[in-house]
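First chain A sits with chain B, and in the next complex the same chain sits with chain C.
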Partner chain A sequence: MKIQKRVIALFLLPAVIIYLGIFLYPTLRTILMSFYTIPALSSRITEWKFAGLANYADLVRSPYFLSSVRNVLGIWLIGGALIFGFAFLYAVILQSGVRWKSFWRSLIFLPNTISVVVLSVVWLHYIYNPSYGLLTTLFHRLGMTTLADIQWTDNEHLFYSMIVAYCFGSIGYFMLILSAGMDRIPVDYYEAALLEGANGFQRFYKITLPLIREVFRTTVVLWTITASNFFAWSATFGQDDPHTVTPAYYMYQKVFGVGNNVYAQDEFNVGSGASVGIMITLTILIVSALLNRMFKGERLEY
Partner chain B sequence: MRKTKAITVLLILCLAAFVVLSGCGGNKNEASSPEQASGNASENASETPSAQASPEASKLGGKVVFWSMWSNTEPQSKVITEAISEFKAANPGVDVEVKFNGRELFKLIKPALESGETVDVFEYDPAGALANLKDHVLKLDDLLEQPAIGSDGKSVKDSLLPALMNNVKSLSKTAGLEEGYYALPQQPYAVLFFYNKALFQKAGITSVPKSWEEFLAACEALKKAGVEPITFDDAYRDQFIGGYLSSAMGSDWVKALVTDKTGAMWKDPMVLQFAKDMQALHEKGYFSKTIGGNKYPAGQQDVALGKSAMYFNGTWLPNEVSATAGPDFQWGSFQFPIIPNGNDKGGQQGLSFGAQGILLNKNSKNIPAAFELMKYLVGKKAQEGMAVQALAIPATVDTPWPSSLAEAAVAFDKATVNMPWGFSINSGADFSSGSVIPVFMELVTGKINAEQYVAKMESEAKKFYGGK
Partner chain C sequence: MGINNWKKERRLLPGYLMLFAWLLFTVVLFGWAVLASLSTTREIFTNSLLRSGFHFSNYIHLFKDQGIGRYFLNSAIYTVAACIGIIVVAAPAAYIMGRVRFRGRKLVQAMFLSALAIPGILIAIPLFSLFVELKLTGSLFTLLLIYIFTSAPFGVFLLSGFFSSIPKEFEESAAIDGCGPIKAFIRIVLPVAKPGLLTMSIFNFLGVWNEYFYALIFANNPSTRTVALALQSIVYGLANTGDYAGIFAACMVVFFPTFLLFLFLSNKMVAGITVGSVKG
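Right, the complex of A and B next:
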């Protein structure tokens, strides 16, 4: 039976309308807003003042915003290396037929189910605390006083401490996706390789890695999106500290005027927040396109 | 699979147990407090006729939604709950919905008001509210002439501390609003050095330091007694910088400094003197060893535990750490010491004081009932409750202060100039949070010396303002 195109369109209509309403309209409006100076989120369009590219120019010149960009790149790179390193390791261990597989998988995934705020309180006040935190207590017990005296949350260490704490909570999520991808690989390949005398590393590099390339690409894109929108951890770890601020948190400060008061010099401008949002979106689009190109090649079917 | 299920079940059980247990605890508290409160309310209604003094009070109806900046575990929420039940007893026709947001309110209120959510009355720091929520606040001048609750016929305006009322009024001009009162002040605060009296005695310090020299002597004595003299948390780093500089030069100078687009002001001899003094505090070991890593509230807990002696913070400090400090902890306070070589704008005439505020939504559909509720919240009885239960300074005149803040009253009496929060050190907005505070921390932790500090600040200012 052939369905008329018109009927198809009719059935798609509700979804398309909803999509346009709740996704496309806000996006277009935000793009428009980023070219204006806007006193408040609820300001009417008549109150907007056209500013051209001034919002973007101000951002590029602001050392505070630039440090937020540096931070997010650091998070993407260092955090990405940590997360994927451990996620692969755990996924491979789980796949190797270890006992109590489901238990370990749940255990590694568990931190994901805890709220960011709770996790960061635990890290800040029970692990990194310089007087009674886990790290200082542990190093004191072991007699390593120089390590015990490190201030994990001062200017120099705060950024790395935040990344470690964040990765702790995120490894499980990426491990789950990777190990689901690995589960799809037929066991025959491994058996054949085993019979040919391949060792664990060879099996990983020659079978597992090539066959989960698609899954890996997806997780890298997911990680890029997550990292670009890195927000909650910088809010809880540093607030407006330039060592932890990220573009997403900076945008939030600009749009909602956090820490703003009548004495502050800077004029409150929602438009500058909008331009940060646009820049984040563009970054994600560009990086996704690059990744797609990098992982190009024929799809493996098995 | 079965194992996963077992774990899931276990987790759910734990969670359920937690919810049930905490739920019970909560209920117990809630059950006891309204009972108490309503008892008090009826008692009060028969004793003081003032509750029914305003003629239309009992005719009020409708619903009032109140968002509080306290969370329901804080003692303030208990006092507020009592005040609300008293209000309800006098105005049975009004339905009050209260939401204890905690300080999350500062993030939630703006989106809520802008999207038109029904919030009639809310609490907020007035300086922040008048900057961020200008279009949502109602001018209260006419309403303030109504008689206050429990203040023997005084108007609301006259029942509250005049210094606070003037402060609220002055904010309206700074914010570019028509001059007037846009908030009822409550929970007044001042920023002072708080210290542990027992530790001062142990170190043999007999009087509070007034000058910087005396301050250094006190630090030396404390250090010899085996106590860390000074600490602060990341949340209050700005206070320490602002406190020193404005004690020398006044807060207008501080504002000019952080907003100076050329960076030349950082070459002022006072900045170098400040940097040298901070360097000395670090080198002599007067700062707590953990000062660089202190995440709020780690540092103030150190004070409560007797590890550190002094902390430069708002008058809410004794209440915030009361659970750790215990009832026998002896609090003292003094103003930032006088800094030598300053101008005549500094010294102890200036004090950073202010208050939290209760504000009325301009678009409220039930303004009469909403304001009536606000009157109860700043009523004499509620303010006495704040002083006793929350160790807060009462906003009403003639209400006794909590004993832990007795010495703070001295500073309030002496001060003639009100300095903004942070002594204007935050006026540079992104420059303050992005450069002033982090570079100060490098100085405090000995990563750079005084001369490097001056050079670095000058170049940071040039870099930041260069493009503007």
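Right, the complex of A and C next:
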């Protein structure tokens, strides 16, 4: 059927206007803002003062920003190891021929459907609670008093406690994608390997891993994007504690924060917040490009 | 069950153990929270949940003293209206992208794809200034528009796949019946694309109900606040007054709607993620 140009334009128009106004224009404006000193969120362009790369230079020198970068690197590494470890483990288990596969798949995905605030509160006020919490109760029952007496949310443990709680809510999504990739591998490969006497680990390393390389790359890129934008858990679980602040949350505190935190002592400058956004986006682009290059090589067809 | 089957099941035992470990943890975590929400704070601290029966008063207090009902209503409005709004904006564009060849199609497609990669943190500051300048702040419309706008590109991306799989004969027969393209789209194509619209709306429902970042920036006052955001301040207050049973009841109020959706539609959620990821 032939569709007139007029109709095409009419159907596309709302989405295109949204793209230009809500994505393209703010992106360009943020890039521009990152080179200026801007006294307030409502400042007009005439009030902006050109600062060159000063915003970026200040950030790299700021101890608060640097510690937020360290935190996000830790989340990317430790959280990534936990998430991919468990996601692979459960994807392999689901592929091994267990019963009630779709039930288990849904169950592992369940935490992904729950609000970050609910997960944070339940972990903070139940699992990690020092008087009636699950961990302390469990360890007391087992007679392990040193473990039972650990304060899971003190300065020393808060960061790691947050990563564990966060991973519980994120494993399912990555597991589903890996599992879908594994389901596409023909069963004959495994049967042939089984006849040759390959054990479970050999089958995983020699067949599964090479054949889902593309899917694995996609999930690592997705994880990098997610980790770079790590925000909600810093706000709900960390609650302003510097041990859990990430660059995204640092930017929020600087630009939108109420002002009663350690960052308020710096001079208020919206341009500085904009440069944090640019740095996060650049990191995502660079890491994705590197990952694409790392995973390059001949594509396996099957 | 034959001997072979038993052998097979025994080989799978470690896998089953891991799966049941996840099941046990999930049941303990949420089961405990449900029971705690119906107990008293004293029972929580003495590990004797429900000793004195069900205390629905925890929930009644939330609605009477904390006004959680209003926040719940706000979130319900945001969620339902955004789901409809996203369809209105994304479906026509996805229909064109999925089935029509036209000049500039590659460019438009690149636009929508690039929008998927733009993080909220990058656009939040100018968006905020823009909304202030257009005097769009302070009402339910603020966050609602933000949700519709920021979810539209993903909607176009997801739906164009569904539209491209509908057979061409549908519109051809519509054209023979004398339907114009707009009428044909609404009357013939949209109903056929219902499964796609449902899948998209499930994800939009979860996304909007649980959203945190934009809600914090664009709706941080009592009359427009979402229930997830309100939960945070309610919990803060209740922890200070030592009402721990109330804390878990408040969690349940936010948890329940998405859990209900999960119970009935978890298969659709899983299918939506696995189909989308393998194609992409």
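By definition in this document, the second predicted complex is superposed on the first by the 272 of 302 C-alpha atoms of A that agree within 3 Å, B and C clash if a C-alpha of one lies under 4 Å from a C-alpha of the other, contacts with A are read in each partner's own complex, and residues count from 1 in each chain.
Basically, a residue touches a chain if its C-beta (ideal position, glycine included) is under 8 Å from a C-beta of that chain, and two chains touch if they have at least 3 such contacts.
None of these values were measured; they are calculated from a predicted model.
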- Query: Will chain C clash with chain B on chain A after the two structures are superposed, or do they fit?
  - Reply: clash
- Message: If you tally the residues of chain A touched by each partner, is the higher count for chain B or for chain C?
- Response: C
- Task: May I ask you to decide whether A:Phe256 touches chain B, chain C, both, or neither, giving the answer as first, second, both or neither?
- Result: both
- Query: So, does A:Glu214 touch the first partner chain B, the second partner chain C, both, or neither?
  - Reply: neither
- Now for A:Ser62: first (chain B), second (chain C), both, or neither, which partner does it touch? first
- A:Leu41 contacts which: chain B (first), chain C (second), both, neither? both
- Where does A:Ile22 make contact in the superposed view: on chain B (first), on chain C (second), on both, or on neither? second
- Query: Touching A:Ser102, do we find chain B (first), chain C (second), both, or neither?
  - Reply: both
- Message: Quick check on the superposed pair: does A:Ser131 touch chain B, chain C, both, or neither? Answer first, second, both or neither.
- Response: both
- After superposing on chain A, check 45-53, 81-89, 99-107 or 189-197 and name the one in chain B that bumps into chain C. 99-107
- Note on the structure: Interface residues of chain A shared by chain B and chain C, listed 41-42, 102, 105-106, 125, 131, 256
- Which positions of chain B touch chain A when the two form their complex? 1, 3-4, 7-8, 106-107, 110-111, 114-115, 125, 127-128, 130-132, 135, 171, 174-175, 234-235, 255, 259, 289-290, 292-295, 298, 302, 307, 420-421, 424, 426-431, 433-435, 437-438, 441-442, 445, 447, 460, 463-464, 466-468
- For chain C, which residues are in contact with chain A within the complex? 8, 12, 15-16, 18-19, 22-23, 26, 28-30, 32-33, 36, 44-47, 88-90, 92-93, 95-97, 100, 102, 108, 111-112, 114-115, 117-130, 132-133, 149-150, 152-153, 156, 168, 171-172, 175, 181-182, 185, 206, 209-210, 212-213, 216-217, 228-229, 231-232, 235, 239, 244, 247-248, 250-251, 254-255, 258-259, 261-262, 266-267, 269-270, 273-275, 277-278, 280
- Complex contacts: residues of chain A adjacent to chain C: 1, 3-5, 7-8, 10-12, 14-16, 18-19, 21-27, 29-30, 33, 41-42, 89-90, 93, 96-98, 102, 104-111, 113-118, 121-122, 125-127, 131-132, 134, 137, 173, 176-177, 179-181, 183-184, 215, 218, 225, 228-229, 231-232, 235-236, 248, 251-252, 255-256, 270, 273-274, 276-278, 280-281, 284
- Note on the structure: Within their complex, chain A touches chain B through residues 40-42, 57-58, 61-65, 67, 100, 102-103, 105-106, 124-125, 128-131, 149, 151-155, 157, 238-243, 245, 256-266, 268
